[in-house]
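Two complexes, one shared chain (subunit A), two partners (subunit B, subunit C).
Let's look at the complex of A and B:
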């Protein structure tokens, strides 16, 4: 935070002398957040509010202000076959899809390939240094790979000529700004970019042993086509964090993320049906009596948290659908 | 990096990352790519004398550039983006650095060339510091007849001042926005911290 940085320069005393009272308060709060992040967050949550001003999804108080604003912009990168820029609050992800032609595998001679990849460069956050992909980037890539590979794009639709020629879609996402919940943002960016993809008409010529593509709009009998997408399998992710075993925080920011002990992701399809669920951590701990130790891992408690997450996700999904399908 | 610490000034570190989908051919370029290293080095030597590094001893200023789409003028865009990012970060500089590409087609001069033009025509990238009129960077990798060079060079220098006007406007607009939002929170703005620097 730049306030801490300014106090390290030789002119720290000068800065303080012309700060107004309100600015001094803000500096104290920022310093407190740096030194005691856990207590800082606790103090906010006790007042039923989060540091960025959102309300906590608390039982019946489930309004969509618990989530950050989503902005989606597609098709701005013309060197790609399809692209999308997604902003989830301050978290910003750019995704570009490049289509290339290759030979299919021997085992799956009538299938193309989908290769997702996420890049977390040093510019998106001070957490990341330059160098080989961090563990977080690799885990993120793997999770996205699993979710996208479940059939949203039927690989057989990417085949041009069985055994000889197929499309390979490289889906490259770059995180431009990291402010928590990158998984949701990256998945949304990839889904929107894939929906934006326009493949040129491709024909395999067995005599020449080559694939011939037709430039879009040059021949009206060979038009470019959109990808074939299995609408029931289009994934949309909604992530939650659990803080201190008791507060459920939808769409955590970066400062909250580092303090969470559990992350829950609910992946729904376009009809708000669950495609996948993941929970990393123990979930919400509602045990009241001091006598109940760790041995009492009540299954109903777990089910409650998940049920709440699922219902919150479904509510939010309606909003996201409008954003994704209206662009 | 510890080994690059200077006791009396800041170390400036520039890294360029080019997205795989930015060019018409998908190519994943690692950080060690020679072209990218050359670009980073060029930018570093352009900005090191411009940033007031003596104000931040034993520190490092990291500048990360992410290229999303390429259509010619890469070095030019990197220089301009870096200038604005440094201004946005509040890092003191002696002047703006404004860059523009210039080229020539038979006898007609061109400015701000696209990729197709760059591949075909001789072109030069020129970066100027508008207040002093000094040129901080000239980069040409094509062959150009020396008689033509002076004209293109001069034109590109003048174009730099046009870019400077736009940059100033952008920085001013942003500062005005920030001032407005600070004031709306009820904080009185003292003259010292919101001075409109005459760039």
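Let's look at the complex of A and C:
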């Protein structure tokens, strides 16, 4: 390691003379992580710990120290109808809901619209550049659209006047700091923002063919209302990564995410029942048991992994429920 | 808001508009009313919250809140410039959709950074305006955030940039105005 460093940077000795011993070690470790990220992570996982100090989810250790701290703050953006800021460790997502008025579709004349979108601006990570939404942003938006479109907000509750006037909710999440597991953070932000939404009282006037709203505090007979939410369909997501086919890492950070071969997401409702499961990647390593009915063993191991993810997610869900419903 | 069909995003209905409220009329703001509503007098500036280092992925970052303007800024760089064959100084590239704010902030920061220390490099400054209370307020708060983020990134500078906006209503000069005041000027 020392020869690598000293040959690459002739002036390294000059720089190093300003650093303490601890800083020099930290610099070596950081350089090693840059040059050999996979081995760096392996070394940690062999000691049953992750680079940021969290535990891995192995059999003895099914506690909640495997997850990062969650912070939720709602209602701070006054230009929106509802907003939320979520921090999952360092991953920060801010979400705002804009309510606008539109005409419903012809074949769904008594339904409004829910339009979620995630933006990954260049600000949140060095891997993004300015420009149109990248593939990753599009995939995230699509996945969130599927999960939110499940019926959490009954679209008929957004109707103002059938066939003429309905609410459209633009739910826009922007990632401020990308440190892995953006899907979980963005979904939580969207759910909290939607719960925070306050719609003004709206009346459609058929003679004028216009919808007139009333400002919340100006007329007490026409108060603003919260959204009607189907509590059993409120989604909460818990994502895991599988590293090297054997280590299960809940809530991966950005540096871990780039090394994962598989991502598993478990989406639960408020009563810890499963709403959706997704697995991207082959999951558990199949090459572990050669010759001996490989398919059977790998099937059980895959089923085990999924079952473990589900049980870990349910445990974590109880903690998140306190955060979401106590804000 | 007219939504153009963008195949890279989830699209809503073709056409939607902001809600129209029954009572649009608002009283004009005299200095006394301003003081009552905003809890400060006409010549005070808004309280500021400025915090560097919140965006761990960036080389340097800052988050600023001035009452209702909330801006996050991150700095990446110096990065290698891809398209310059030989460039004596670094270039600062603020790229954004709202060019007027970006250009104004770049002009403010350009003379404070020692670009001659970063040949053939680019320093990227990205701003996300989370909540805006007037364009001028964005430029002012954005410049402060950008300068703080540059300092947080360890970029060589001559000094920090600070900024403030002021406007006139009925002959009186007021500082750090909000959007509702600009509509009445």
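Going forward, the second predicted complex is superposed on the first by the 300 of 327 C-alpha atoms of A that agree within 3 Å, B and C clash if a C-alpha of one lies under 4 Å from a C-alpha of the other, contacts with A are read in each partner's own complex, and residues count from 1 in each chain.
Please note the rule applied: contacts are C-beta pairs under 8 Å (C-beta built on N, C-alpha and C of every residue); 3 or more make two chains touch, one makes a residue touch a chain.
The model shown is predicted, which means the values in this text are computed figures rather than measured ones.
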| item | value |
| --- | --- |
| Overlay on subunit A: subunit C relative to subunit B, clash or fit | clash |
| Which of subunit B and subunit C A:18 touches, first, second, both or neither | first |
| Subunit B versus subunit C as contact partner of A:254, first or second or both or neither | second |
| Superposition-derived comparison: subunit B or subunit C, residues of subunit A touched | C |
| Partner chain in contact with A:170 - subunit B first, subunit C second, else both or neither | both |
| Subunit B versus subunit C as contact partner of A:77, first or second or both or neither | both |
| Partner chain in contact with A:92 - subunit B first, subunit C second, else both or neither | second |
| Subunit B versus subunit C as contact partner of A:244, first or second or both or neither | neither |
| Partner chain in contact with A:123 - subunit B first, subunit C second, else both or neither | both |
| Contacts of A:30 with subunit B and subunit C, given as first, second, both or neither | neither |
| Touched partner set for A:321, first subunit B, second subunit C, both or neither | neither |
| Segment of subunit C that clashes with subunit B, given the candidates 3-11, 21-29 or 111-119 | 111-119 |
| Subunit C-contacting residues of subunit A that also contact subunit B | 77-79, 94, 100, 121-123, 130, 170, 174, 176 |
| Subunit A residues touching subunit C - in the complex, by the definition given at the top | 76-79, 90, 92, 94, 99-105, 113, 115-117, 121-126, 130, 132-133, 137-138, 141-142, 145, 168, 170, 174, 176-179, 200, 202, 210-215, 218, 254 |
| Residue numbers on subunit B that touch subunit A, as the complex places them | 15, 17, 19-24, 26, 31, 55-56, 62, 64-66, 68-71, 90, 185-188, 190, 192-193 |
| Complex contact set, residues of subunit C against subunit A | 1, 8-13, 15-23, 54-58, 68, 70, 72-74, 76, 95-96, 124, 126-128, 130-132 |
| Subunit B partner contacts - residues on subunit A that touch it in the complex | 2, 9, 18, 20, 22-23, 77-80, 83, 94, 96-98, 100, 119, 121-123, 130-131, 170, 172, 174, 176 |
